[in-house]
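Questions regarding the structure given below will be posed in turn.
Lettered A, B and C in written order, each chain numbered from 1.
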Amino acid sequence: MKTLLKTMAATAVAAATLAGAAQADGERYVLVSHAPDSDSWWNTIKNGLALAGEQMDVTVEYRNPPTGDLADMARIIEQAAASGPDGIITTLADPDVLSGPIRAAVDSGIDVIIINSGTPEQAREVGALMYVGQPEYDAGYAAGLRAAGDGVGSFLCVNHYISSPSSTERCQGFADGLGVELGNQMIDSGQDPAEIQNRVMAYLNANPETDAVLTLGPTSADPTILALEQMGLAGDIYFGTFDLGENIVQGIRDGVIAWGIDQQPYLQAYLPVVVMTNYHRFGVLPGNNINSGPGFVTADALEMVEQFAGEYR
Amino acid sequence: MSEAMGTIDERVKETSRLRRALIRPELGAIVGTIAVFVFFIVFAGDSGMFNAQGVLNWSTVSAQFVIIAVGACMLMIAGEFDLSVGSMIGFAGMSIAIMAVTLGWPVWIAILLTFALCVAIGAVNGWIVVRTGLPSFIVTLAFLFILRGFTIFFPQLIERQTIIGGIDRAAEGDWLAPVFGGKVFGFVFDWLASIGAIDVFERGTRAGEPIVDGIPMLIIWALALVAVAHVVLTRTQFGNWVFAAGGDAQAARYVGVPVNRVKILMFMFTAFCACVFATCQVMEFGSAGADRGLLKEFEAIIAVVIGGALLTGGYGSVIGAALGALIFGVVQQGLFFAGVESSLFRVFLGVILLFAVILNTYIRRIITGER
Amino acid sequence: MSSYDHNPIVEMRDIEKHFGPVIALNGVSFDVRPGECHCLLGDNGAGKSTFIKTMSGVHKPTRGEILFEGKRMDFASPRDAMEAGIATVYQDLAMIPLMSVTRNFWMGREPVRRVGPLKFMDFKTANEVTMEEMRKMGINLRSPDQAVGTLSGGERQTVAIARAVYFGAKVLILDEPTSALGVRQTANVLATIDKVRKTGIGIVFITHNVRHAMAVGDRFTVLNRGKTLGTAQRGQITPGELQDLMAGGQDMVELEGSLGGTV
């Protein structure tokens, strides 16, 4: 029992010093995301955050609800506020749940920047300094227009994060861009790669007339690539995806994927830290929101993307 | 053999009063609670964890765990598991949202109907378990999927989205909603703020108001459930039946304990607790989401096990489970205050769980003479 | 023996019990009178368990009748038999080790104080009665809160017996109470049986150990392959004869010879 206690304490001390090593005596910023631990896409955000912290010589911390439960996320924001940082950078995945804690943080004197999920209007409503990100519906709509131009009339939206409204907005935007009803063209794929692959295959077998596939990130795109290869549809069916990752980049080069919508998440973590640090040090603040995306990544000009895919891109 | 008996008796007589007072099911959890608080006072004492806002934060998170842990604890003592608690939380929240927002019914009706629905589902869970004799692990695992599936399906079907908001607006002026989403003893905090003991908002519409403006009903519910469950379990006839049903169902049946009824009632109570959790959450945040309550069933079971209950039933303590939940909540939130990398939370949780289970097993053997 | 002056409390007549094609009991007759210890002997698989389960209301007999104090009874459940006054102490299922002695003693029949809708358990009375009843049986408990698991096997059986006696059993069925016990604990349990018998309760003592049976039994009935091989009074039969009856023939003598001693 005593040894156990000691081991525990030792582990804790080691962990505390580890985290402490990154601390400088400058400002402290906390980034709170809504992503569950399993979502690898957020790695870019973590890297962007860490790099900005290093370059600006400030302390940065990344926090997320392990299961992606937004109610847990609200608690994390409250807690971040209680720890008294100089600023909080957070996503606004569900304004109903999160606006209360965010507003309370703002009112207690902490500056907030909204990134990724949410809209510029919502960011203003909760009293945030600005919004940095890619409006989801607009991005989906732009992608839909592009696909319509390429002759797409029906599609499958592989939604791996069905409980987040912003995911659904992407699919809805795409459908509206195409000018068709969303209807049953969106499936809840779950997060497991094998399940996603099988559901995509099942849907395409049941609906062979489907023109296009839209995935919402690497979580759904990677297994979808496998599904299409297995069905012999790779390169044949029109395939677009949100976000980038190593396999997606490879898919674009191979011609399996027509385009990837890059919202450039790196900027969503990097810029807020830079903006806030400058604001707190010198009182300067950009006059508007910052759109980090959408940018369409196609087979042309892949080199840079390829080099940093999954790390900074 | 007889000699061994003699020595055991002698040793038993030597046990001091202090030792006897200490050796109880909750001991592991009490030790753990003290250890955890000492740890965080040392490593996070000046980080804001123990200011009003920080205390409220980890108390609220712990209270959430307590509410579901109480139900899980009673059920586990009765010898069963409920893995559908997390899904039930999502389901109950969505049920209230659909009735109150989509259908526009008064919020109190939505709450009462949802409670009736959840408790009925709990009864079905229990009924299937006692009727088929299947392990409750499997039956409730089925309900984990069934309920989560409906929680995603219905709002999508009706509202074309997986989050339904606007419950706070619907609940305005409702008489029942504040029982779950309200705050009490606000005047105490006004007074504390007026003497400068706690911070006030610096700006915005609430400037000058205390940052902590009351104790959430969530915490009151947690305390009330612990008190009621503890008294029922340790002081009533029914409590004795709960222990008996989990200790040895067959032996209990032989002496006339209505084991099936006890188990079904405990499933219903667990569902009730999940519903309290969901209602408090929905009333506080004003929206219900399809992903609410994910993995909460395991968190409840972990809290109960840290609290000294036996996974196979027949042994445990509600107070222990509540302390287990407190440990869980304080560690989860406290690691952040202590500046520990968040991904190490699971490492800590695992270490504490292992430590608690070993200590609890040791204590239990002393008490029950298990070999 | 004064007990033979009484009429039987329970009388089982020509009991048959079939489980599908298997005939577990094929015409068993048995009775027990107040204040006697009637031993039911038999090897493993002889049908002892099925028989006592029939007697205690767990199984319904396929054929035959059960008379309780001279009246024909049909027990629908163990609860019925228990309410009539037939208490059974099962070998493994007697007690719940994780629970305290008091909680076990009162399990299912807790003394209650009503406060509103809640039935509070009256622990003061419960503890006092438990300590007193255990003292009567010759066991001084350290504390009524002591878990049954901390008691020895013999003490556990004694708690179960004390419980049955306290709750007014007229017939006490003991299912192999000594089979898992050491010498001294066995002696304690046999002494307890003797004490209980003297209070006028009829005891059915199931065992496959002839020596244990001979130590306390007033009458002996041997069961073999679902049939009774006859009932003998104390003093009319020797341990060796009983042993042979249980084994169903003369083989035991030969076997004993080859092993060089008494089995």
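The rule is simple: a contact is a pair of C-beta atoms (placed from the backbone, for glycine too) under 8 Å apart; a residue touches a chain by one contact, two chains touch by 3 or more.
Keep in mind that what you see is a predicted model, and the values were worked out from it rather than measured.
Enquirer: Which two chains does the highest number of contacting C-beta pairs join?
Expert: Result of the pairwise contact count: A-B comes out on top.
Enquirer: Averaging the CA atoms per chain, pick out the one whose centre lands closest to the mean of every protein CA shown.
Expert: Chain nearest the centroid of all protein C-alpha atoms: B.
Enquirer: Of all the other chains, whose mean CA position lies farthest from subunit C?
Expert: With centres defined by C-alpha atoms, farthest from subunit C sits A.
Enquirer: In angstrom, rounded to a whole number, how far apart do the mean CA points of subunit A and subunit B lie?
Expert: About 32 Å, centre to centre.
Enquirer: How many angstrom lie between the CA centroids of subunit B and subunit C, rounded to a whole number?
Expert: Distance between chain centres, rounded to whole Å: 44 Å.
Enquirer: Centre to centre, by mean C-alpha position, how many angstrom separate subunit A and subunit C?
Expert: 71
Enquirer: Of all residues in subunit A, which touch subunit B in the complex?
Expert: Residues in contact with subunit B: 1, 4-5, 7-9, 11-13, 15-16, 18-20, 23, 37, 61-64, 66-71, 74-76, 78-84, 94-97, 100, 103-104, 106-109, 127, 162-165, 168, 182, 188.
Enquirer: Contact residues on subunit B for subunit C in the complex?
Expert: Its residues touching subunit C are 1-2, 5, 12-13, 232, 235-241, 243-244, 247-248, 250-257, 310, 314-315, 367-370.
Enquirer: Any idea which subunit B residues touch subunit A in the complex?
Expert: So the residues of subunit B touching subunit A come out as 35, 39, 43, 47-49, 51, 53-54, 56-58, 60-61, 152, 156, 160-163, 165-168, 199, 201-207, 211, 281, 284-287, 289-295, 333, 336-348, 351-352, 354-355, 358-359, 362.
Enquirer: What residues of subunit C sit close enough to touch subunit B in their complex?
Expert: Answer in residue numbers: 78-79, 82, 88, 90, 93-99, 103, 106-110, 112, 118-121, 123, 142, 147, 149-152, 182-185.
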